[in-house]
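This report refers to the structure that appears directly beneath it.
In this document, chain identifiers A, B and C correspond to the written order of the chains, with residue numbering beginning at 1 in each.
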């Protein structure tokens, strides 16, 4: 009987996963449709535009690489949001943490000279992580010690981070040999190597590796267990003897560190210099990436590539038609809305679909509530039987 | 410093405060009822664009403002629908609204109004010099040689205070923001209050947008709100969720903005970026200071299902 | 005399759970009628239906002879029924007058008639001796004053019939006296009052008649003249369970847990007063008592979730300095919390993950910070089998299990620790008879293996069936510890009602 059970369980899990993926695909489609409507209203042919976007995102090997270049910072930002979210915290501050991480990483790159690449690059990445961690840690500490909303504080820290970088590149960190408000070029030893002779760099590999690591941390490790437990039920977690506040602060800092690495990777992989406004809102896009990725580290990889493709495709479209890349924001916003409202709009529909499909593939077709009630009844019956025989 | 410098500084401080104040009052109505709107940035952008579009197609700045108010009012109701009726997370929907606002205004701004040097310019809202009052030394010209929206914003502050503290409806708004369940047991229709506050918040976002696009620049430029939606949120928090405090914070932040512009043009050594950080830093300090002192409406960002929907 | 309010065949279900089962009740005009029952007996459900918060599934409510149906609290209010909730429905940031005026539609004008309202509130306050200032901010008021604001709210709306849900639960003794004075004034002026409580002594003091509810059913309505608190206690908690009987004489003489002079308070009000007891190895000490007399606080202090003001807790002769859940767990104290969902389980996490929630750091389940899924699964399969936990798999979220099976998960997790002491708080609340018996059986087995158990329960039968010794908790004090042989229901019932041997009534 237990074997049959586990087969059912597996079938059910698969059906559920398939339905979820279908749902997200549907949400993306609807959002593309909405974007098409916007374009039509703005006087651009949606079909033509989407053809250009597709070509720009996946038309040939180069566009695929460009997509991955754009996906890299998005993946870092998505992981940043995801990680905090899993322990019940809202880190809206990836944008600021990206800037600060880029800044501290660049400092390590420019002002710690004479190291070989194998030592310099990791040092710079660590510096970026530390910068992001401190920036997010401020919001985390205010939350734990003062009870101040981490949502508001991370937003405030976004702007402060952006302005701080703006100050640094116009002042102390300004390239002495140039007139533009930007830092000097990073030394070779601090740069990320390129992949396949293109703009694509090892930062993408790093981001994917990080996603896998976070997946393992969350699902396999003692610490991940604590984090998820804090996210689900703080009071029960406390009763289990697991420290709650300390974990919240740590999670916030790690979340910031992820964004900080993302910031430095963008500088060391693509821009090679620190300058103002190098991030066109990657931090905010990260929220969309995380939501579409189901707040699952591995899911983030797929959604980051999706949004990266949209971005690089939209760049191509803008070059050809003059329609702004900002269209991507409309599509992203629509996806976010569809995903977060899904329980209200599609919850019942999805549950029924899963139940009926699961039944066909040998799973348990009863709705969850009914299952619980029947399980309770079975228990009662069994115990009563046992009593009779005693 | 000469009188001229002071007067022109004060005038520009007020001019820069007006959009902040209008947006902040919109946020104030929403947050007093317990709704956290971090999407104000996007709402104001939509308002700024709609104002110019309306003024361009209908031929007058007044029509532009009217059009903007209708559009952002609808956006406010949409926001309300998503967070009240579907119960979606207010933070996430707010973020989506910011992305949406940035995207849609950029796309439509380019296609309807053109971009760069060729961008459409419209007749802005004219200044209205109030006789006598504007002759008061120093402050007279700054306060009473402004456009109609500025005067409207002056009047909205006492109006909001009156609504909150002197009317039954305002009492209900405050009660819902503190404890929706208690208000519901007394027959207050919680969801209706929320929808109305979202509508007001949206409409004021439209006016705020117009005060930027039609009141200052007479045209729409991409991402022209530039974080003012968030500064408005700061102003509400720093103003301790009261109309008068919000006005004070808006003036302070607008004044800082005007000061940094002057610093830049006079070549004063204090980096202007630190002036720009000032509102955000103050807000963080204030938030840490207030917390535990229950200044914030207690039910902020709490999802609430009304009693009528709970039976069965 | 015509009843002012009559209930006929009232039924309310939540899903498959019947919260109120065909209730019939008649309340007389001008009486103070007590509604007595344990938590979960269905009192609040019934009152929520009377006050329009819930709608009944079957049956009818007659008010002043006419059938009524209230869709909202406002409709009930305008009919003249007001409710004072246990958790006040007040808005602390507003003034008394604002709270009272909120939601009223009497005035056509959109502005408050602030002065007029203040005058009316003052007049009501004087008439009923409520002593409330309309201009005061609610957050500045004491709990007792806040409650009187709630009463004013109902009176201002013209209530003739006032329901008070556990009004004394949050009050200090002197505030209780004030409340009773107000209630008597209200009664004198013709108001009808329903007084919900599970405190027998208070009911005897203030009420005219009492209706007892148990497990959603109505047990009976009695005049308070001819009934003793012990009778009431029995009516309220009594239930016949064929529970396993405790074998006597296996208790060793070594002290396992010793508590001396324990004091604790909640925002200045003492909740535990000079508690002293000891539990020997393999002994079960049962703590009986009506709910809300300090049970929750006692269990929390023992497990380190609440700080104590004074007192010594010794485990195996060693005084525990600073209690925290973690250190208590490591010292071998297991804890079965009262509220499974809030404190016992992470509902969205799987059965296996919940089972290892206290041991995930141990060698057995993790190495180098990585949790061994194989060992976790093995352990879960073993426990699921051993405790007969009904689930379709170890990876199912524990929230999907029935209440009894959730409790088994907690029990399995705590017993896995091989604890020296188990603090079990209401371990069978809300469970069906079969599942409850199973829990009892496992607790007895644990004690036979030398584990000491502190069993805190409001169900007298449970305490009597399992315990070696029994003590009664009353208003934060531990009254008369007795051996099971010398314990009889009547004596315990009296203690639960606060009637001490050779002492007069204590209020």
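Here are a few things to note about the model shown:
To be clear about the criterion, a residue touches a chain if its C-beta (ideal position, glycine included) is under 8 Å from a C-beta of that chain, and two chains touch if they have at least 3 such contacts.
As the structure is a computational prediction, the values presented were derived from the model and not from experiment.
Centroid analysis (C-alpha atoms only) places C farthest from subunit B.
A simple rule picks the central chain: find each chain's mean C-alpha point, then take the one closest to the mean of all protein C-alpha atoms, which gives A.
Taking each chain's centre as the mean of its C-alpha atoms, subunit B lies 47 Å from subunit C.
Centre-to-centre spacing of subunit A and subunit C amounts to 44 Å, using the average Cα coordinate of each chain. Subunit A and subunit B have CA centres that are 30 Å apart. Of all residues in subunit A, only 38-39, 41-44, 90, 92, 138, 142, 146-149, 151-153, 155-157, 159-160, 163-164, 166-167, 170-171, 281, 284-285, 287-288, 291, 322-324, 326-334, 336-337, 340-341, 344-345 touch subunit B in the complex they form.
Residues 36, 38, 82, 85-89, 91-93, 95-100, 102-108, 110-112, 222, 227, 230, 233-234, 237, 271, 273-274, 276-277, 280-281, 283-284, 287-288, 291-292 of subunit B touch subunit A in their complex. The residues of subunit C lying in touch with subunit A in their complex are 15-16, 303, 305, 324-330, 335, 337, 342-349, 353, 357-358, 360-361, 366, 369-371, 373, 388, 390-393, 395-396, 400-405, 432-435, 437-438. The part of subunit A that touches subunit C in the complex is made up of residues 5-6, 8-9, 220-223, 225, 228-229, 232-233, 235-243, 364, 368-369, 371-373, 375-376, 378-380, 382-384, 387.
Interface residues of subunit B facing subunit C in the complex, by the touch rule stated above, are 166-169, 171-172, 174-175, 178-179, 181-188, 294, 297-298, 307-308, 310-311.
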